[in-house]
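Have a look at these structures, which come just after this line.
Same chain, two partners: chain A is paired with chain B first, then with chain C.
What follows is the complex of A and B.
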């Protein structure tokens, strides 16, 4: 028997909905086998998962804590990947956004300005922080043809060390140095109250607070969508992503575009960092067991891929993956190893991503490959 | 075609079954009246170090109280977002007492969000109505383990792998050096910072570099046994930390300062169940069994054992304390005057919880 993948000429619309659904169901069936083998009831496990992620009181609020940063890093990845610029550095760009955003919040908030002004400054500072960090691999790529996958990835580690250094290994502006607690264990200086981002209270599940950052993430998605589908900038970026040479012939300024897209991607990730400070931590979280342990930047790449780089889909996927992460904390415990949670999450993500292949390709199973009109030849790469 | 239809049918059946069963199982069985206690670990529950010591404590509580309590743990939980999610789900499941076993998890503001839940945090200082703090005087037992290291060293060059330049770690490095200098006058303790609590590869590299620089005994204030495994491979004695890790380096193992969290946990769980739980700052010691020395390995001589036992008794009796002056810092400056004993919390940088300087004979920077 012979199995071949053929690129689809047309991608039917119903497929782009059916495939993810079937993929997830397939994943749940496979994961159920794993659960049964390890002695757990798959039905109660799934029920618990859904409950913990979305249904039980307070769960949506906790899911948003993961979903908000994932939306930012997902959008950051989507913005760059669309142009086939593989910015793996959302993680580090997020830290830099947090550092810049926290600096703005601490400094301007401490001077007692109006809250709206302080928060707006934090947003701008966060974007700038991420942008600066993303432009390093951007410039290297644009002018020296350095592989941005490697440079952006390695800069994540640098950013992590900078973050830890500021809180754990120096008496920096960001570190709390007053009071007894400050001498016993390093922590960030708390933001003044006018630098803390407000949330919207919604009457769901007995009072859900939607963080301001979640609003910004949706806004960023709208802007990104407009930019890529309604402007010349987006068109050129997409052309460039599809064919470097074609774009060049059409007069696209490639270097400028690379820099612009990297800056955009970094700014979104940086905004996510500012949101970490303003929405959640309320100080610069330099604890190596804190923000850095979460790996939102890396999960964001998966979120972007699952959302097929469509900004709105990315936000939706971020919400679902945020729920999955949140539920993972509920599932694991003395009788349910954390590793098993990881296996289930992995199966779901793997299947969902694997399913993507089926949207663009069709599988032929048979002894011989039939040649009929509906089959397109594999285009030359 | 046939096989595709069959596959489709199987899938549809599976979906229907899954959805049906999931909805159908809505009435989950909530377990009986057992008192629910949760433990939150920053590393894996079987890390061979810090988190495992807490896990041993949890198992002790479960064993002693049996069906009267229901305990669970959450491992690898990040400070901040993930901790908040984990606590929210634990509270929703009816957990009443939560031991957060690392600093930075809980502060007063966080604890105030769940007034009906009792929080206990290891190594911290923030105390409020429903947030207690606890730790043990490991410096005493680290000092004793340093004595074992000093006695085992021929050259007096001892390596010590350390995590972060914070008072807790500096305190332990100092205590280790003071112990080593007692049994090996003039010994120097060389530090290598790993900038991580749990990073086996960095710990191994640190041990390698210390050994290459001439250290003939290794010690550590990090959580994995990687330095010990390296020590075993090059035949150098090793002092662990947090947990009895002798099995990772049976020949090199000397001893380690270990925590015995179980009795404290049992006491607190019982108090919480009886409604007599009170917040506070608890600092255990050798005397109440909170800290102790792990069993000796083959490299500890009989003379060293006897010497350590003498000092252990003196510490228990309160007639000796390693952090009683005169204490000199690295530059040779007198920091603590003769006869003055350092306090746990009071005294700024001359307190156990505020120490930011290294004693004479330690080679390395207290800034990391």
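What follows is the complex of A and C.
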């Protein structure tokens, strides 16, 4: 039996919704097989997962804490991947955003400015931090044609070392140097109260706090959507993503566009880093088992791909994947081995990718094609 | 003399470079057939954890346990590569995204961590490890002692692999066919070479090499299991293939250079040498240097990209050629 794929002339709309849904289901089925093979009961594990992610008291709040950074890294990846600029550096750009954002919060907050001003400065600083870190691979790609996948990824490791250094290996401005635990358990210096980002309390599950960062993420999604679907900038970026040559002939300034898109992508990831500091950690989290253990930057790629690079879909997907990530954090133990989250996310990405084939191609089972070919009239010479 | 920093750095550069070399050779095979596999880090980690698991669970002599571990690691790496091969060769998915998916699936936050936790491998020393192959009297010879004779058997195996792959690609029929498949799959197809099977075979064998590279880390260099123990070596290996212009013998030189950079941090620490924020810059050095070398190689005269397979990263569809 021969299976062939034919290019579709028209891509049916329902498929672009069905593929992500089927991808998630398929991933859960395959991960269930992994669980069975390694001696776990997948039904128990999945029930615990759903409980911990969305149902039990306080779980939605926890899920939002994981979903907020994922929305930022997902949007960062979507902004760049859409132009076929593979910025895999959201992880490091997020750390840099956190470092810059924390610096602004500690410094300006310490001087006692109004809270709104301090928070706005942290937002700007976070964006700048991520932007600077993303512009390194951006500049190298634009001017030296250096592969941005490798450079942006390698910089994640460097950013991780910088983060660890600031808290653990130096007496930096970010480190708590006073008090009993200052030398035995190094931590970040706590933010002053006027630098802490507020949240909205909602009466769901007995009090749910929607962090300010989640609001910024939705705002970023709206801006990104407007930018890519309603402006010349976005149009040119999409043309460039589809065909480098076509864009060049149409007069798109390729270098400038690469720099702009990398800066945009980095700024979104950096804002995520500032939100980590202002919303959740309230200090610079340099712990190798803290922010660095989460891998939000890498999960963001899964979020972006599953949302098919549509900003609103990305935010929605971030909430779902955030639930998964949150369950991974709270359940980690005997019935829920660490790493299961990555396994599920990886399979989701694999199947979303395989699903792209179904969106773009029609699958034909061999025999019919052969029969069609033999009965088709010979083309007139 | 054999304790001087330079000699020690070269000797440990060879040791630390061996996982990079294995992984780079595997990536080279896949790329020469036209398949870019960005999942090296993930394949290495799964090889590393499975190799480590094998020595912990097998109660046999050291030689048998280690040989079995290398076999299991190769198999594990090959299985990971097979997923990528299916997606990009049969389903024609984006090679870049599929490679990233493999890294996420198998890597630090994925399967390797899952297996390590589920099999309770963390926080225990390896029961069998690779040690120096030649007698200690030979290791005392000046210069060549530590560098050439102070290594474990995997180092010598990797040398053999470099020679064999080099000969394979330049002097054998299948080797020449692979290059045809990587340069011009349509022409190779017309010649009757099966593009699909060549790409499958080389991607999967490439994965096996990455798995062995991972096991080299957990069985020879730092004999233990820690989540994400390869610390980005897989990515450096991918970059190495580019620096080496897709030539196995140059992979060896590059691997030892980056191995020496990786060895710098522990060596300086052991000798109490500090120079500014030492831990920060010595740990970042391999990554930063990789970026710098990538820039040099990708710009200027080297821009002609000597040796890059023309069809790298492009799916071959007979109907659309």
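As a working rule, the second predicted complex is superposed on the first by the 315 of 381 C-alpha atoms of A that agree within 3 Å, B and C clash if a C-alpha of one lies under 4 Å from a C-alpha of the other, contacts with A are read in each partner's own complex, and residues count from 1 in each chain.
Methods note: contacts are C-beta pairs under 8 Å (C-beta built on N, C-alpha and C of every residue); 3 or more make two chains touch, one makes a residue touch a chain.
Quantities reported herein were computed from a predicted structural model and do not represent experimental measurements.
Once the two complexes are overlaid on the shared chain, A:161 sits against chain B and chain C alike. Touch criterion met: A:58 reaches chain B, while chain C stays clear of it.
Touch criterion met: A:26 reaches chain B, while chain C stays clear of it. In the superposed model, A:338 lies in contact with both chain B and chain C. Of the two partner chains, chain B is the only one touched by A:329; chain C is not. Contacts of A:169 after superposition: both chain B and chain C are touched. In the superposition on chain A, A:14 contacts neither chain B nor chain C.
Applying the stated touch rule to the two superposed structures, the overlap between the chain B and chain C interfaces on chain A comprises residues 161, 169-170, 338.
By the touch criterion stated above, chain A contacts chain C in their complex at residues 4-5, 7, 34, 38-39, 86, 88, 140, 143-147, 149-151, 153-155, 157-158, 161-162, 165, 169-170, 295, 298-299, 301-302, 305, 337-343, 345-347, 349-350, 353-354, 356-357. Here chain C touches chain A in the complex through residues 38, 83, 87, 91-94, 96-98, 100-118, 227, 231-232, 235-236, 238-239, 242, 277, 279-280, 283-284, 287-288, 290-291, 294-295, 298-299, 303, 319-320, going by the rule given at the top. By the touch criterion given at the top, residues 22, 25-26, 28-29, 32, 43-44, 46-48, 50, 52, 56-59, 61-62, 65-66, 69, 161, 164, 168-170, 180-181, 183-187, 280-281, 285, 287-291, 293-294, 325-326, 329-330, 332-335, 338, 365 of chain A touch chain B in their complex. Of all residues in chain B, those touching chain A in their complex are 3, 11, 14-15, 18, 21-22, 24-26, 28, 42, 44, 58, 71-82, 84-86, 88-89, 92-93, 102-104, 123-126, 164-168, 195-197, 345, 348-349, 351, 353-354, 356, 367-368.
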